[in-house]
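Order as written gives the chain letters A, B, C and D; numbering starts at 1 within each chain.
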Amino acid sequence: MQLGMIGLGRMGGNMVERLLRGKHTCVVHDRSADAVAKSVEKGATGAGTLDEFVSKLKTPRAVWLMVPAGVVDATLADLVPKLAPDDIVIDGGNSYYVDDIRRAKELKTKGLHYLDVGTSGGVFGLDRGYCMMIGGDTDAVRRLDPIFATLAPGFETAPRTEGKTGDPSPAERGYLHCGPAGAGHFVKMVHNGIEYGMMAAYAEGLAVLKNANIGSQKQTHDAETTPLRNPEHYQYTIDVPAVAEVWRRGSVVASWLLDLTAHALSENPELSDFAGRVSDSGEGRWTVQAAVDAGVPAHVLTAALYERFSSRGEAGYADKLLSAMRSEFGGHKEKPAGK
Amino acid sequence: MQLGMIGLGRMGGNMVERLLRGKHTCVVHDRSADAVAKSVEKGATGAGTLDEFVSKLKTPRAVWLMVPAGVVDATLADLVPKLAPDDIVIDGGNSYYVDDIRRAKELKTKGLHYLDVGTSGGVFGLDRGYCMMIGGDTDAVRRLDPIFATLAPGFETAPRTEGKTGDPSPAERGYLHCGPAGAGHFVKMVHNGIEYGMMAAYAEGLAVLKNANIGSQKQTHDAETTPLRNPEHYQYTIDVPAVAEVWRRGSVVASWLLDLTAHALSENPELSDFAGRVSDSGEGRWTVQAAVDAGVPAHVLTAALYERFSSRGEAGYADKLLSAMRSEFGGHKEKPAGK
Amino acid sequence: MQLGMIGLGRMGGNMVERLLRGKHTCVVHDRSADAVAKSVEKGATGAGTLDEFVSKLKTPRAVWLMVPAGVVDATLADLVPKLAPDDIVIDGGNSYYVDDIRRAKELKTKGLHYLDVGTSGGVFGLDRGYCMMIGGDTDAVRRLDPIFATLAPGFETAPRTEGKTGDPSPAERGYLHCGPAGAGHFVKMVHNGIEYGMMAAYAEGLAVLKNANIGSQKQTHDAETTPLRNPEHYQYTIDVPAVAEVWRRGSVVASWLLDLTAHALSENPELSDFAGRVSDSGEGRWTVQAAVDAGVPAHVLTAALYERFSSRGEAGYADKLLSAMRSEFGGHKEKPAGK
Amino acid sequence: MQLGMIGLGRMGGNMVERLLRGKHTCVVHDRSADAVAKSVEKGATGAGTLDEFVSKLKTPRAVWLMVPAGVVDATLADLVPKLAPDDIVIDGGNSYYVDDIRRAKELKTKGLHYLDVGTSGGVFGLDRGYCMMIGGDTDAVRRLDPIFATLAPGFETAPRTEGKTGDPSPAERGYLHCGPAGAGHFVKMVHNGIEYGMMAAYAEGLAVLKNANIGSQKQTHDAETTPLRNPEHYQYTIDVPAVAEVWRRGSVVASWLLDLTAHALSENPELSDFAGRVSDSGEGRWTVQAAVDAGVPAHVLTAALYERFSSRGEAGYADKLLSAMRSEFGGHKEKPAGK
């Protein structure tokens, strides 16, 4: 079927290409003429302006936005007046689900359908397919089924869950209608929250392995530091990249994130390309907010988020306060950097 | 080659079977005659006593212990006097790596080799193979290579990490010599620590999804509870089993643990077979101890461990203290169960 | 000066009494005639209706609301139309500061002043005084200074901070104008967040002491549980109430919360009056939200909040998921209650 | 009575002075002749060598060690051969309680008594007195009662806990016999663990206040960062030193640590003397170990410890791993410092 795509960045461009491979037709628009040209080369129909874009789409239209969350509302403000009743707008980016609820309500007053589609897959999605979590009206979701089916990884990309029989469900093909407006981004939000937790679990664990030789290092002995009691228990020089690799096969912690970790470590065992300032991008924060609202303890997801804050130096004032208190009650001086 | 196996439980029995399938010969012993008989049926040579077991093994022997961590020392006490110099003893269970260091030293005085092999794979290992993390002398590890190669999942069980070329390393086949005595169980220990963290990440996230309908539930309004400010944001009834299924394909959180979770939820969406009393089995605790010794922050791995403690009611006294304090300063009465 | 008080519960009634002791005059109103009568007995002027209440106050009026956060807006809806320009309304309860921002703006359109006053002190405030954190216009704050000065504990209730000289500041007497609308409740919110953290620190630590005899208890030995390696290190039967008492004098952890803890433990060493279902009342949650918004890591404050959730059984679904996963990969059965 | 003190640092020197003020007699020894001279000036009897020190003490002797935990064993090795049966050795430093258990056993074979005394009070102890947690034989504890009574703050330094009557117990005077060997340092260990938690609670909370103006700061808007949704809610410039001061009177979070915090902030509101590299000194780590061994969830105490690790940059490798993973799956580049 025909889909209009606005936003041809890393994600949007690849999605168009995957749809074209799947024999769909795509009308594309982007602020960057280069990006449009690149998609046109792959077989898409380019549109230099929003008007042109809308006019090239057959009604009822399906317009997929793949733009930064911060510009969705501005894009909608331009786009919506040009659309006609029964058109569908899909937000495939990383919007906060609360915005989806509002937007769906607004668009409904104009007879438009709004779908929120949380999309996971990253730069690998072109070939592996995208996992999609969808929120919105059932009818609109159904109309777009051919698009979702093509973008999704497909049934055969994972062994079937034991006990399941019959025709594969959409979930078994990699996309799921999660509920009404916002439900798609809600599920995607939690997905990313879990992602933060898993990433932190690997990072912490591998950091323990990296430091398994701490007993062989010069120990500081002073009133401020307790000596390691059993240095003979920490004499291992672990080949962390090899460990990440070995866990990929047969272990309980095997995962796609581990595959990526093994690759990164194989390319650069010391990770010297990175300073360790870890960004967080909204979903992790919103997951914490949802956990707090729902009264669900989420120690791990929250700690993973806070570790990212700390990696960027955001704990600095609190740390100074701790040093100040120690100085007050014990006359403890801070030790200089380098332990 | 020939291997002796002591302990034919869930793990040991399956490992023998996998070795037999791989054309190795196995001499087996277990406290339970039934367990021995079962292995004999599959082609192993049974031994009713330890003496018989040892006598049936050609020297230099290789004896694999697959017994509970708590009885390894007792088993060694019986076994070691019957062995001869250059024999190898392998502890494939869940020993604390510190015990490995001690045992390796003791056995060395008798000319014996001691290998510690952390083994991951669970009940699926028979068919999927076992991921093995190995500690001990290089020579002994090399001698057992045919055994490890057969028990391991094998190179083809995961796509090769991009950039790797040439003959697959042992790590790429699913086993790794991690270092001297204890290194295998050290890496396995951290592996399980990570496993705890990942499991908690999934559990917390899915619990948030399960509670996404909290806004539609009767809210308590009293001085002790703040009302949910935006109940309209929590009106989703998420099909948690379907979410676990959809994430298996193309998402960043895909993993073997997720496959298992999807299966468990598909069998019993409400998990009514479980009370939620989660055991912890040593490695999670030791990982925390190692992180503390090494001075590596491990918020996530530790929180995951503590959540298991809490699931078994171990926070009870602390909780009572909190209620007591609230009663003291504010005259707050506890609210009865059922919110 | 004259103050009107609406809401004569535990807090409001005591505040009126403290003001009367301080030679202020109070007009009081409450849904409960009994509560009004009780304040009248102490010297207040009672008002059966809101109209009567307003009419008995000299303009410009100062009306203090000491009602549950959930009914502040309803109370304002009734009250505000009866007020006159330049009157001051004070919300002394536990409102979310975001509501204060909105209310101050609304009341300003009517020429009214709105102050938000976070009030700490609990049931002891009558005699100890109340610590007050105040938000709103400087002029209105200044006008109420005599009220604040009387309600506050006063300069002499703590030794002066070394280095401070001259006339004691309001902060040194126990009240502080923290900033514009909402600032008072913002600071009070964080105050309570800290309170959660401190309470949890005591509770966790004392629980460790309570369990210092774990080595003398029957240990379970099975594949699911690692035995305690050094039971001889955990043979202490600590007198927890005595510990709380001894720390009150000269130790670094001395505090008012500890005083209360010592009292609770002295009354009932086993805390058998409590089930350990710990409520949380809004501020703890909002503090986490603020920390997340501000990008400030708040591991401790958040963990303290989540521990309260867990104490009420809110981790149940997540715990079941963990048990389900363990059953999947390892065939682990849950252990029955009672360890 | 007469006490011998070895170690005249910040703690030991002050304790001698407090004992002298209390009309006890002290024989003192230190590696530093200056330190000895200083105590002699206050009225102590100096001893240049250990032999001299021992000979100047009347039998049965009482020798208090106030030396770094790392040199206690070496000091004992020198000292013990010079002592006679029934002498008492007191370790007043920060030893690990497990060492106490061992030492008490060793000294017992020689007829010596060993007491472990956890001592809190810091540099203020000279005037405020020391809170002491004592482990060891009842007889030896009893013999030293006059010393403990003088070093302790005394009954009148805190209001009596309501409901207590009769002669004040030692706990009410500031010292407590906690149990057999090690019990004193065990309780002190947990005391410090709680201290870490409380300090972190204040630090995190005040850091949130410090950042209450985040809405007025330039926000980064890019795909990597979610914009603050309600910048108008974070427009407060909070006077953090004044807040610390106001909480000292009448609030639930009042404590001695808060007094110290208020002082530090009053001296240097921006804490510019500190870099925020926070040391940890053993007890915090051991408390976590005890919590893990006892199966008691200690989220707060552990998070507080890990925050100190992080403050010293110990999370660096883990953080790099997170950045590496993000780069792998999303092509995310790290953002440079300065947000």
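The criterion applied here is as follows: a contact is a pair of C-beta atoms (placed from the backbone, for glycine too) under 8 Å apart; a residue touches a chain by one contact, two chains touch by 3 or more.
A quick map from chain label to UniProt name: A, B, C, D = 6-phosphogluconate dehydrogenase, decarboxylating.
Fair warning: this is a prediction, and the values are worked out from it, not measured in the lab.
Comparing mean CA positions across the assembly, the chain most remote from chain A is D.
Of the two chain pairs examined here, A-C and A-B, the one linked by more C-beta pairs in contact is A-B. Chain A and chain C have centres, each the mean of its CA atoms, that are 38 Å apart. Note: centroid distance chain A to chain D, computed from Cα atoms, is 43 Å.
One simple way to say how far apart two chains are is to compare their mean CA positions; for chain A and chain B this gives 28 Å. Looking at chain B, residues 122, 200, 202, 204, 206-207, 211, 229, 252, 257, 263, 285, 293, 295-299, 303, 306-307, 310, 312, 315, 318, 329 sit in touch with two or more other chains.
By the touch rule above, chain B contacts chain A in their complex via residues 97-98, 101, 120-122, 125, 128-133, 152-155, 157-159, 161-164, 169-176, 178-180, 182-183, 186-187, 190-198, 200-202, 204-209, 211-212, 214, 228-230, 232-239, 242-243, 245-259, 262-263, 266-267, 287, 290-291, 293-301, 303-304, 306-307. Within the complex formed with chain D, the chain A residues making contact are 10, 68-70, 96, 122-124, 199-200, 202-204, 206-207, 210-211, 221-227, 229, 257, 260-261, 263-265, 268, 271, 273-282, 285, 299, 303, 307-308, 310-313, 315-332, 334-337, 339.
The residues of chain A lying in touch with chain C in their complex are 252, 285, 288-289, 292-293, 295-299, 302-303, 305-307, 309-310, 312, 314-315, 318, 329.
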